[in-house]
Amino acid sequence: MDDSQTAYAVKLPAFEGPLDLLLHLIKKNEINIYDIPISLITGQYLEYLGLMTSLNLAVAGEFLVMAATLIHIKSKTLLPPSETDEEEEEDPRADLVMRLLEYQRFKDAAHGFESREQEWREVFYRPASHGTDGPTGEINLVDMSLFDLLEALRGVMDRTPTIQGLEIVVDELSVQDRMSLILDRLESEESITFTSLFDDDTTRLAMIVTFLALLELIRLKRVRIIQAELFGTIRVWKNTNLQPS
Amino acid sequence: MEEHELTAILEALLFIAGEPMSLDKLAEVLEGTDTGRIREALDRLRQNYDAAGRGLQIVEVAGGYQIATRSECAPWIKALEKIKTATRLSRSGLETLAIVAYKQPVTRGEIEAIRGVDSAGVLKTLLERRIVRIVGRREGLGRPMLYGTTREFLHYFGLKDLAELPALKEFKEVAETLPEHEPASELTN
Amino acid sequence: MEEHELTAILEALLFIAGEPMSLDKLAEVLEGTDTGRIREALDRLRQNYDAAGRGLQIVEVAGGYQIATRSECAPWIKALEKIKTATRLSRSGLETLAIVAYKQPVTRGEIEAIRGVDSAGVLKTLLERRIVRIVGRREGLGRPMLYGTTREFLHYFGLKDLAELPALKEFKEVAETLPEHEPASELTN
């Protein structure tokens, strides 16, 4: 065994990112977070990056950005306080402290999640009834997410790669189409409420088109609009008497 | 293992298995606990289940033991199944829904051309669940019906309007990025 | 319906459902039985399940009641080979999830601002595991997608609802815990 190799054996703790590393340095040095000795911490931070480089570890961009931030803060603290400013200048470290505290909050919360995870991984539920209803792989609508929808779409597109341009096209119904739809509904129902006309309009444009269609039908005297009482429900009726009364 | 522990473990195993468990299979899971002892524990479990006010029972069927509901509860279970199927969607349903959502207004013929399979049944289900609706007819030969999504659809996916649907391109950004972020290092070099 | 009948029916329903059953849903199946009475019956059922020698328990999770195994039985259930325990979430996964859980609806940019690192890969993993979902878009520049937690999230951590999440610590509290929180350097040079 080559001694010169073991002599340099280094175990680096794992860090999630620059904030994680900074928090580690603060704890290690038992520093008051509200009064970070920026020179010391910057020095140790850069030392760590140097160590990573010497071990041929890729140093992620975020670590370098933080290094620049630290150096910037350090240079600001070195400047003599300007005498012209009446107001007290803001501590150049303030932003960083806030970020560190905010991050630590979620680290603590994640820690709590971890112990809950540990506990509930030991609890098992019975999969949905092995009964008669349909093939497996069914999804409860309550649990559906856009991710599922997009995954499904991607599945189809992988099967039929020639299909292009599957992008959202907002409902392009014409006023004419809407007019027939309203009349179709009045075939099966004697009257419908004004608001129900817009039930399925999922865009503003669609609502405007529906409204224009209604106006057109009124103009053509194909439908009548009746409001039985002030502020009451407005209902749309089919105009059976085509003669103007 | 004490008697009541054994009974508890057997109860949990029968609950999870969802299929008849033979004495041998149970003994295997319980690392060679004597089948006689297992049978005794199962008998005790069965007696507990036969107390008044229980909706479940331990039955011996198809060469094994299984937890099953009592026949008195059948009408309510049917009512439950009805509600459950009304809120479930099959894989093909989801696929069809995805096409309708992103290609609307779309005809059945276009959906089938994309999926490569008959989609009449799936469309009917989606219409019944009010996730999809008929939005009009296409001009031209046969004036086929056009399908689109409903307000209910937006509700299920928590969308305010259709313009909130993520574009495929955006989705790819999320779905096809780097592997999970690795911590900076955990190396012993 | 007598009390013990109601308890029996509820037991059978929870057994069959395979997902959390809310009081409202149970009332719907039970054709308008008062939710107060249902809750009482469920409490009784829960007490029965808490007797010694039981391998099952009634838990209130993800917005409803559900039957689950007791953690003491976990080793034997795992021995029933087909049950695979989910891989635990990585540290970055837990961190990202904590931000999503407390700040939802939240954009990827906001998550990355807090963590200080790219989080696309972690988010993808959480989406795939159905613990996190896309819940819409933020108005404004670029209309970025918003993320939130799912019902599966509640299940995974045994939470009844989001209100059960412990309150996030105040900055002051966090600051107090900071020194000597972690062992000093692990550099073993």
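Letters A, B and C name the chains as they come in the text, with residue numbers starting at 1 for each one.
Heads up, the rule we're going with is that a residue touches a chain if its C-beta (ideal position, glycine included) is under 8 Å from a C-beta of that chain, and two chains touch if they have at least 3 such contacts.
Bear in mind that the values here come from a model prediction, so they are computed numbers and not experimental data.
J.: Could you name the chain whose Cα mean is nearest to the mean of all protein Cα atoms here?
T.: Chain nearest the overall C-alpha centroid, as shown: C.
J.: Computing the C-alpha centre of each chain, which chain sits at the greatest distance from chain B?
T.: Chain centre farthest from chain B's centre: A.
J.: How many angstrom lie between the CA centroids of chain A and chain C, rounded to a whole number?
T.: 19
J.: With centres defined as the mean C-alpha position, give me the chain B-chain C separation in Å.
T.: Comparing mean C-alpha positions, chain C is 18 Å from chain B.
J.: In angstrom, rounded to a whole number, how far apart do the mean CA points of chain A and chain B lie?
T.: Distance between chain centres, rounded to whole Å: 26 Å.
J.: What are the residue numbers in chain A that touch two or more other chains?
T.: Where chain A meets two or more other chains at a single residue, that happens at 8-14, 16-17, 20, 60, 124, 126-129, 131, 140, 142, 145-146.
J.: Which residues belonging to chain C are in contact with no fewer than two other chains?
T.: Where chain C meets two or more other chains at a single residue, that happens at 15-17, 67, 69-70, 77, 83, 91-92, 117-118, 127, 134.
J.: Would you tell me which residues of chain C are touching chain B in their complex?
T.: Touch list, chain C to chain B: 3-5, 7-13, 15-17, 25, 28-31, 48, 52-56, 67, 69-70, 72-73, 76-77, 79-80, 83, 90-93, 108, 117-125, 127, 134-137, 143, 145, 148.
J.: Which stretch or stretches of chain B touch chain A in the complex?
T.: My answer: residues 12, 15-16, 18-19, 81, 84-85, 87-91, 94-95, 97-99, 101-105, 114-116, 129, 131, 133, 135-137, 146, 148-151, 153-154, 156-157, 159, 161-163, 165-168, 171, 175, 181, 183-189.
J.: What does chain A use to touch chain C in their complex?
T.: 8-14, 16-20, 23-24, 26-28, 30-34, 60, 62, 66, 98-99, 101-114, 116-117, 119-129, 131, 140, 142-143, 145-147
J.: Show which residues of chain A lie in contact with chain B when the two form their complex.
T.: 8-17, 20-21, 52, 55, 57, 60, 63, 124, 126-135, 137-142, 144-146, 148-150, 152-156, 159-160, 163, 166-174, 177-178, 180-181, 199-204
J.: Could you list, by residue number, the parts of chain C that touch chain A in their complex?
T.: Going through chain C, the ones touching chain A are 15-19, 59, 66-71, 74, 77, 83, 85-86, 88-89, 91-92, 94-95, 97-99, 101-102, 114-118, 127-128, 130, 133-134, 150-152, 155-159, 166, 168-169, 171, 174-175, 177-182, 184-189.
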